[in-house]
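Heads up, the next two complexes both have chain A, just with different partners, chain B and then chain C.
So, the complex of A and B:
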């Protein structure tokens, strides 16, 4: 079909005074295939949009160039307008003559504006329509991990009317919640919370529980995952629309940081909780309990938080003297500053050291010697128990999970290698979310936020039961594809898969819903087999070539 | 295919100074930074032509070389900051390609400073302007 381009120039209410619009209109009209050039004062307003509609329908153009403000601020309006006219929005090309031309330079910039319009025209000439289609998505969600985050995600999804299946590796729900004694920021104790949440989960008709089960394989893409779940010897395949992973962390004492090996007197958090839950079992009430932090890891907020919680619990239940040896206490989580104040008020003593304290065992007690840098004095304390710092580590099987999902892990081995600032709970793959401790978010308040955020994302993706995709916006030409797997390797969103064309030939295929449209595959393909409509090679080159002038040799 | 279009059909530039610079800008960061520079009325030389790409990783060696072939005095590839790419590795791949172009330019005896990879965030209008000015100054020096 012959290209007919309609051009709309907008002078932004007459404010772009350093561009000569009639001059641009005259110059552009000399180019071939131009149906009309309109100068408008405000394309973004109602009357401007009406003018666009009547001109496009009246002149029967098949490409539109709009020279106006930045596409970042106006593109979506024009796309909606064109969709309403049954005009494929992919045939629109925008020249940014306001932010990047009129406003950015002094003096008359008609020349540059003309160049920008020319670039847009050159590109528009090559644009092809891209069909938009609704595809069905599965509304069921799989939550892996039945701890605090897992149960909370399932309950919140159920409130939104989304059916959820929770898979838990252990025979009972709860995860590490049972290991905690009193948690700041929550009014009820972890034990009560666990039992009440467990009850709710059991009662909820929208939630299905699968304990002692593991996932072994994940196939498919956002909206249509197929997951193999292994339960005992049985293994079956089920379909889900989205996956939420709340596989938690494990906390361990790293013995290599202690001169004395953890034994009867150097104990872990969990052992302290056992003592606190049954103080009667002790021979005598411990008089002094010490906590030591910041030896193995200076960068984790979990040990600080746990130590403060435990210190208060000790004060409440045993009334012992409590010393906390720390380098820099991390109080950046929500409410921890207050917790620290409370601990101080209750008589917990904080000793800030710079050099590693010396720990020795004497007469059945643990002697801790440290230099308090605030007082400049040597402090030595005999503790009945020294509670060692525990480091939050990725739980067992995280690596296996990452390989099942084909996603990466971060430098510490936690689940998320996705850009955590842009997509807090997302992963490289659409429809796969990580919440709570499995992505290194090691405190309860942050983990709760994660859950809310993931649930919102899932709802956005699945709530309508369908999703709109641009069909084959990025497309592999099976004739050119040599199945070298380069694109599959580089795709940050894991949207490319190898499929069989016939008995001998394989080709890469891009899944529309999983694709985020970055075009990395199109740039890297050695055979140039991938066409990214809108940013195809020829379209970018057409823009580049519009600039040829000074050394204009053909 | 544009390069096979008859010359009369194509737009080959109107006027403007010598020494045009092509800036491939990622639409998630650098393009927004350029917009912001306009909004803040930070003036920069008007011989820079910005081409919007969905990610710096979309910019191919071919695109940069074609820009030089058609007479661009310099090429800037502008993407997100490292570690903050919307598509994880796009800016790193762009950097690799720019390095490759640098080596190719060196081989044929062209100053490697004519091509540069710039990392900026969507609000770094000043840095955008500084980089453009620097490029223009470098080219005028020669």
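So, the complex of A and C:
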């Protein structure tokens, strides 16, 4: 079909005085394929939109160029307008003659405006329509991990009417949080809370539980994943629309920092909890208990939180003297400063050091020697028990899981979120979410917000049972594709896979719903087999040509 | 935003003329690399909100009364007169050209304002002062200006209410000994945000010269008796600013005075280690700032690590002020019937359900519930949206 371009110039209420609009209109009219050039005063308002609609329908154009303000302010309005007219919005090309031209320079800028309009016209000529299509999505969700975050995710999804399957590798639900003795902010003990959550999960008709189960394979894309779940010797394949991973963490005392031996008085959190639960088993009441932090890891809030909670528990149950050795107490979570104040009021002594303290064991006691910077003096404390700092680490199998998902792990070995700061809980793969400790978010209050975010994202993706995609905006030409896998390696969204064309030939295929339209694959393809509509080589070259045309003429 | 995406109608009620709140006036803190301050998220989100078909934005508006209960709230809203219609204004600037007053009574909003429409300054406008001038009204090409407009009241029927009223910064004048407001070269973190946002670099407010010796004072208005909490953002913004100042002027000496450095967060401890190479960290917060010779500021502080009281002169002191609850929180709490919690932030049911209030159907989002950084506030907001969605499912 022959290209017929309609052009709308907008002088923004007559305010773009350094552009000669009649001059632009005259020059542009000489160009081939132009159906009309209109000058209007405010395309963005109702009257402007009506004018656009009647001209497009009346003149039967098949490309539209709008020269007006920045696409950031009005493009969405024009796109909506064109959609309403059954005019494919991809056939619209915008020249920004306000922010990038009139406002940016002093004096007459008609020449530059003409360049910008010319570029937009040349690009418009080559634009192809991109269809939008609804594709069905599966409304079932898989939650991996039956701890606090996993159960909370399943319960909240159920509230929204979404069915979930919870896969837990252990024979019972609960996870690591249930091992804690007490936790600030919970009215009931973590153990009771988690077991009542477990009961709720069991009763919920929207939740299916698979304990002693693991996932072994994930295929497909957002909206339509196929997951293999192994339970005992049996392995089944199941379909889900989205996957939430809440696989938690483990806490370990690193031998690099603390020497642990049987009978040692340097103990773990867990051993402390055992002591607190059954103090009668001890030969005598411990007089001094120490905690030590900031040796292994300064990135984590967890050790500070655990130590403060445990220190108060020790005060309550044993009444021992408590010393906390730390560098910088991490108080940047809700309520922690208050906890710190309370601990100090109860007589917990905080010893702040810069240099790593020396720790030695003698006569069944642990001696900690530290340079206390508040006193400016060397302090030696003999502790009956020293509770060692535990480093939060990714739980067993996180790396294997990341490789099943093809999403990678971060420098600490936790699941790699898409962007820690910008899009938490999302992963590199659309429809796959990481919540709580498995992405390194180790405190319960923040982890519970992760759950809310992930559940909301899942709901947006799946609630309607369908999703709208732009069909083949980025497309591989199977004739040119050499199946070199370069695009598959670089795609940050795992949206490309190899598919078979016939017995001999394979080609890369891009999955529309998983694709984010970043264009990396199109840029890197050595065979130039990938076309990114709107940013194709010839379209960009045509824009450059328009500038040459201008300069050539002058 | 999330609620509208999930198919609900959303009314956004904002007290100021533009949406965005405190975060909109921040600046990007990148040196040669991004330092991940998250500021860039804000304008993007604002634009998405302003252009979303299912979000109605009511600016210059306050909630005056709420009746009904979860599922059926009736919200009464009072809106200041909209002399310039935000739907019609195309920000062409012709009105300002004809305005006869000096400074102009009608002017462009700040560059980051959304909606981006012109603002009338009531104290300057001749018409609003009772004279006959209506030049702007006559010349406006889109008929956006109507100087005769009156305040309007709205009644909205809504299913749930999300409170996201944010924070105020601590008023550094309350700590008189630090001299904020008295000495031009004592700034707050927020002042610094705005200076960088508008000028892109730092000059001494007193004489426009480069700052050679800069001190950051942490925990001003946090972690004390009246504010028994950590504001969570100050250590991070101070370190990022310190890096930015160092990057723009490698000869500058930058010192950060602190109590406990909050280095938690993915990769932040590593950032801290990098900072230590070029920035001096001193444990101990200055008690007093005095004016020294030739524009210098004399800081008296106890260097705890050395166990000595010291005096040192700096060109510029930045007070890392914390977050405090908004003063009008109390009014809104009364209108909505929700409780105030510790220190005047809105109260929640429990730490792990920090979106829920004592009133069913009223949820909290962001720093109105307690201090948070930008990513945590976003997570909190999305989580609040999810709670609201649960309630209104179907």
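Please note the rule applied: the second predicted complex is superposed on the first by the 541 of 554 C-alpha atoms of A that agree within 3 Å, B and C clash if a C-alpha of one lies under 4 Å from a C-alpha of the other, contacts with A are read in each partner's own complex, and residues count from 1 in each chain.
The rule is simple: contacts are C-beta pairs under 8 Å (C-beta built on N, C-alpha and C of every residue); 3 or more make two chains touch, one makes a residue touch a chain.
Bear in mind the structure is a predicted one, so any value in this text is a computation, not a measurement.
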Touched partner set for A:336, first chain B, second chain C, both or neither: second
Touching partner for A:328 - first (chain B), second (chain C), both, neither: second
Which superposed partner A:463 touches (first chain B, second chain C, both, neither): second
Chain B versus chain C as contact partner of A:482, first or second or both or neither: neither
Which of chain B and chain C A:122 touches, first, second, both or neither: first
Partner chain(s) touched by A:72 [first = chain B, second = chain C, both, neither]: both
Those residues of chain A which chain B touches in one complex and chain C touches in the other: 72-73, 421-422
Parts of chain C lying in touch with chain A, wherever the complex brings them together: 2, 5-7, 36, 38, 41, 47, 51, 53, 88, 90, 92-94, 116, 140-142, 223, 228-230, 232, 235, 260-270, 272, 283, 304-307, 342, 350-355, 370, 374-376, 378-380, 382-387, 389-390, 393-394
Partner chain A, residues of chain B touching it in the complex: 1-3, 5, 7-16, 18-20, 22, 27, 31-32, 34-39, 41-46, 49-55, 57-60, 62-63, 66-67, 70-72, 83-90, 93, 97
For the chain A and chain C complex, residues of the former touching the latter: 12-15, 41-42, 44-45, 69, 72-73, 76-77, 80, 156, 159-161, 184-187, 297-301, 328-338, 341, 352, 354, 373-376, 410-412, 420-422, 424-425, 440, 444-446, 448-453, 455-457, 459-460, 463-464
Of chain A, residues touching chain B in the complex: 27, 31-33, 70-73, 96, 98-106, 109, 111-112, 114-116, 118-119, 121-122, 125-126, 417-419, 421-422, 428, 490, 492-493, 516-520, 522-524, 532, 535, 537-538, 540-552, 554
